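So, here come the structures, one by one.
What follows is chain A paired twice: with chain B in the first complex and chain C in the second.
Right, the complex of A and B next:
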């Protein structure tokens, strides 16, 4: 069968898009790699369903399903060891974002995770009550994770925001005018343990000692040492654009984001993209963009939705300027610091290259199972390396699935 | 529930991901140069939580829930 609409990603954007498409009478399929809908932001604890992530009526949801190849009118998916082709007339990419991890001495030690990564692990059952936790990096996610961990009984020992407070102020002023976001922010500030937050501070290095992790924190010319059981270090979010790139959608920027018009249409016919994949904007932005894409497919009026979308995007631009990465972060890796975690490629061996493609061929940087999703993003951020083209399979899959013939024309 | 991580029985709460169980047990994989590694992203991107689950190499254990009697090997 051919679906009227296939939606990849069941976060806020994908859920909104699938809900609206199904409401409009479209035969709609929603896919996600996770076993529950909700994406990263609406992830519930212990594999339970999050009431915020309501599945659309009349749309089929396929959990634990990975898209590893795609072309015009088709997707190839893997679910529980079985591959299956999905045929579509319209495709909505709601592939979300991942955390940006930047290399520093000690970032590969067990117990050093992402900030969102640490929260995802805790929601996945890692006990955090009574654990000493250091959070560092940048962006509103840090405070959200700190407040959540504190409420779970963790001892949040320090929260290091790399952006100076002066640069964050315009964003704080902007969200103060936005009732829902302002009350969200105030709730976070209330849950945050007093005295732990530092602006203009970053983790310079981490080492393993008998009692756990020992982190060296730098703030201007000052430095301090903090001990913790776990460290969550994340430098904001980068869009997941691999599937879009494989389909031939135009991307822009470093790190890249999918280019869309005011109908959320990409450069490829009948392929739409919404939410973080088209630029980091948060879940309210993703939701309205999902509604725009659905309305565009259904031929419904767009103007009111587009005005809401523009408002969300303007606020997101203010946020992204506030949390832009400072130059000190590029000085953190030593020549011996691993950059590519899959292939253990050190920072020093990359100094002679000025583009990622050359670095990959010569050093195997980005050639491991994550396919450069971690080191590639770090090298966009720190060295300005452009993205490489995406090739199937988008994630490693057993060879037998590659050999099977595809139903679609290739 | 009980699962076996590198042959050792580990008590894990229902709903726990295999990656979170590995972390709880202090079980690490070894990188190509032999460094111990543990989960980082928690969302199926970094592949640092790779392990063998019931005899099958599973590259992203953060996407897999623990089941009673599951056997997980990290090395």
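Right, the complex of A and C next:
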């Protein structure tokens, strides 16, 4: 069968899109590689009760389903050891974002992870109660994670926001006008232990000592040392654009995001993109974009949704300006700091290159199983170049799944 | 910038870089022009199998001479060259195949290339992941490398001037480029399948698919190729796949390969990729479980007689072509550079230059 609409990613954007498409009478398939719907935000403990509750009956949700190849009118999926084709008339990409890791001496030590990564580990069972935790990086996620960990009984010893307070002020002023966001923010501030938050500060290096991790923190010309059991260091989010790129959708920016018009349509016919994949904007933004894409496909009126969408995007722009990465971060890695963990490529070996293709070919950077999703994003952020191509398979899959004939090229 | 050189090399693939290195050794001032980074064309797409091949007497002679040069070069290369010496197993599926093994062995023996016939038990012992086969020819001298870094190293060692530009014409003054005229005595045209932009040569891009797996050190011991590969490589113009798997220094397995004439279409053809991987899995069943991390395509520069074009264009003695190496250009780059040095500065040729001259196409 051919689905009227296939939606990849069951976070807020994908769920909203699937719900609205199905409501409008479209046979809709919603896929997610995770075993639970809800995306980064609603998936785990404390998330929305049942994100699927509002899905009409003509929408099907397939969890644990990974898209590893795609082309015009088809997706190739892998679920529980079986691969199959999914045929679609309209495709909505709601592939979300991943955490941005920037290399610094010590970032690959055990106990050092992303901020979101640390939260996910804790949700997955890593005991955090009573543990000393350092959080560093940038963006609202950092505070959210800090507040959440503190509420779980962790001892949050320091939260380092790389952006200076002066740059964050306009965003604080902007969200103060949004009652829901403002109260969310206040709740977070309440959960945070007093005196741990530093603006304009970053972790310069981490080393392993007998009692755990020892982090050197820099704030302007001042520096301090902090000891912790875990360090969660995340520099915000990067859009997941690989599937879009494989389909030929135009992207822009460093790191890239999918280009869409005011109907959420990409440069490829019948392919739409919503949420973080088109630019980091948060879940309210993703939801309304999901609704815009659905309305565009259904031929329903768009103007009111588009106005809401513009409001959300303007706020997101304010946020992204507030938390833009400062130049000091590019100075953190030493020549010996690993940048590509898959292939063990040190930062110094990349200095002579100014383009991804040559850097990759000459050093193996980005050639490993993650295909540059981590090192490539860091290079986009720090050097202004990174992967701009995607090749099948989008994620490593056993060879047998590529040996089967597909919709591929009829 | 000095725009007067003894030689301008068009194309910084492995062939252009090898020519630059060889000519610089003769004391010539060399300029290499390429809009793309060194080693990023076909050189970045191929398997890097340094292999003796016997499709014709001239091919055998060229590959043997090259392998000899490689054996001198390999020990001087850094680790990034990813050199290993797994040898090649040419696998025969049946008795007819074993006859082919025997005649190949005789040919190799006569040419002084070490090669042994392996029966089924010996094959199983030597390459346990391979399904039962009738036998194989084991060629221990063949090697495997990672060509892009070698191209870059040859270029760096040559100290040639690298000009990032597209060559647009080769004429009596030198080489016209998007950055202006490069005055020179000789132009060496190493533009791969784009060599035809400068001279009417029967060269076409011949597309090939490859896929690479995760690291599984020790999984595969030899480069294993089906003997029918020759038929696939040269038999017809039809699209085809052949079983050809290669162990990498990283512990990965590189899976090849397909051949088709499809212009410069860079799309990965899923049916072709599937056929190619299915063929490989039919010989190495356990390969089915190895994760593939990436697939890609590349373009071989194919001539209609399967021999490269090396030498001066008949009515244009300063325009020397070194292109059209099809699926063997990594292997044959070094001997190609020797022949180019012969044509440019008269060094003693390592083998007879005759079979590769562009003049052979003159109707």
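Assume the second predicted complex is superposed on the first by the 391 of 410 C-alpha atoms of A that agree within 3 Å, B and C clash if a C-alpha of one lies under 4 Å from a C-alpha of the other, contacts with A are read in each partner's own complex, and residues count from 1 in each chain.
Here is the rule we use: a contact is a pair of C-beta atoms (placed from the backbone, for glycine too) under 8 Å apart; a residue touches a chain by one contact, two chains touch by 3 or more.
Bear in mind that the values here come from a model prediction, so they are computed numbers and not experimental data.
Visitor: Chain B versus chain C on the shared chain A, clash or fit?
Guide: fit
Visitor: Would you check which partner chain A:33 touches, where first means chain B only, second means chain C only, and both and neither mean what they say?
Guide: It touches chain B, and chain C stays clear.
Visitor: Between chain B and chain C, whom does A:212 touch in the aligned arrangement: first, second, both, or neither?
Guide: neither
Visitor: If you stack the two complexes on chain A, which partner ends up touching A:341: first (chain B), second (chain C), both, or neither?
Guide: First partner only, chain B.
Visitor: Please work out whether A:116 is in contact with chain B alone, chain C alone, both, or neither, and reply first, second, both or neither.
Guide: Once the two structures are laid over each other on A, A:116 reaches chain B alone.
Visitor: Just to be sure I read the superposition right, which of the two partners does A:24 touch: chain B = first, chain C = second, or both, or neither?
Guide: Neither partner.
Visitor: Tell me the contact category for A:125 with respect to chain B and chain C: first, second, both or neither.
Guide: The answer is first: A:125 touches chain B but not chain C.
Visitor: Looking at A:99 after the superposition, I want to know if it touches chain B, chain C, both of them or none. Which is it: first, second, both, neither?
Guide: Once the two structures are laid over each other on A, A:99 reaches chain B alone.
Visitor: Of chain B and chain C, which one touches more of chain A's residues?
Guide: B
Visitor: Have a look at where A:69 lands relative to chain B and chain C in the superposition and call it first, second, both or neither.
Guide: Once the two structures are laid over each other on A, A:69 reaches chain C alone.
Visitor: Considering only the touch criterion stated at the top, classify A:373 as touching first (chain B), second (chain C), both, or neither.
Guide: First partner only.
Visitor: With the two complexes overlaid on chain A, what is the closest approach of chain B to chain C, counting only CA atoms, in Å?
Guide: 9
Visitor: Can you give me the overlap between the chain B contact set and the chain C contact set on chain A?
Guide: On chain A, the residues that contact chain B in one structure and chain C in the other are 368-369, 396.
Visitor: Once bound in the complex, which stretches of chain C touch chain A?
Guide: 36-40, 44, 80, 148-149, 152, 211, 213-214, 250, 255, 267-271, 273-274, 277-278, 280-281, 287-296
Visitor: Quick one: which bits of chain A touch chain C in the complex? Just the residue numbers, please.
Guide: 69, 71, 355, 357-358, 361-364, 367-369, 371, 391-393, 396-400, 402-409
Visitor: Can you list the chain B residues touching chain A in their complex?
Guide: Of all residues in chain B, those touching chain A are 12-17, 19-21, 23-24, 26, 28, 31-33, 35-48, 50, 56, 59-60, 62-63, 65-66.
Visitor: Taking the touch rule as given, give the residues of chain A at its contact with chain B in the complex, in rising order.
Guide: Touching chain B from chain A are residues 33-35, 40, 45-48, 64, 81, 98-99, 101, 108, 110-114, 116-122, 124-127, 338, 341-344, 368-370, 373-374, 395-396.
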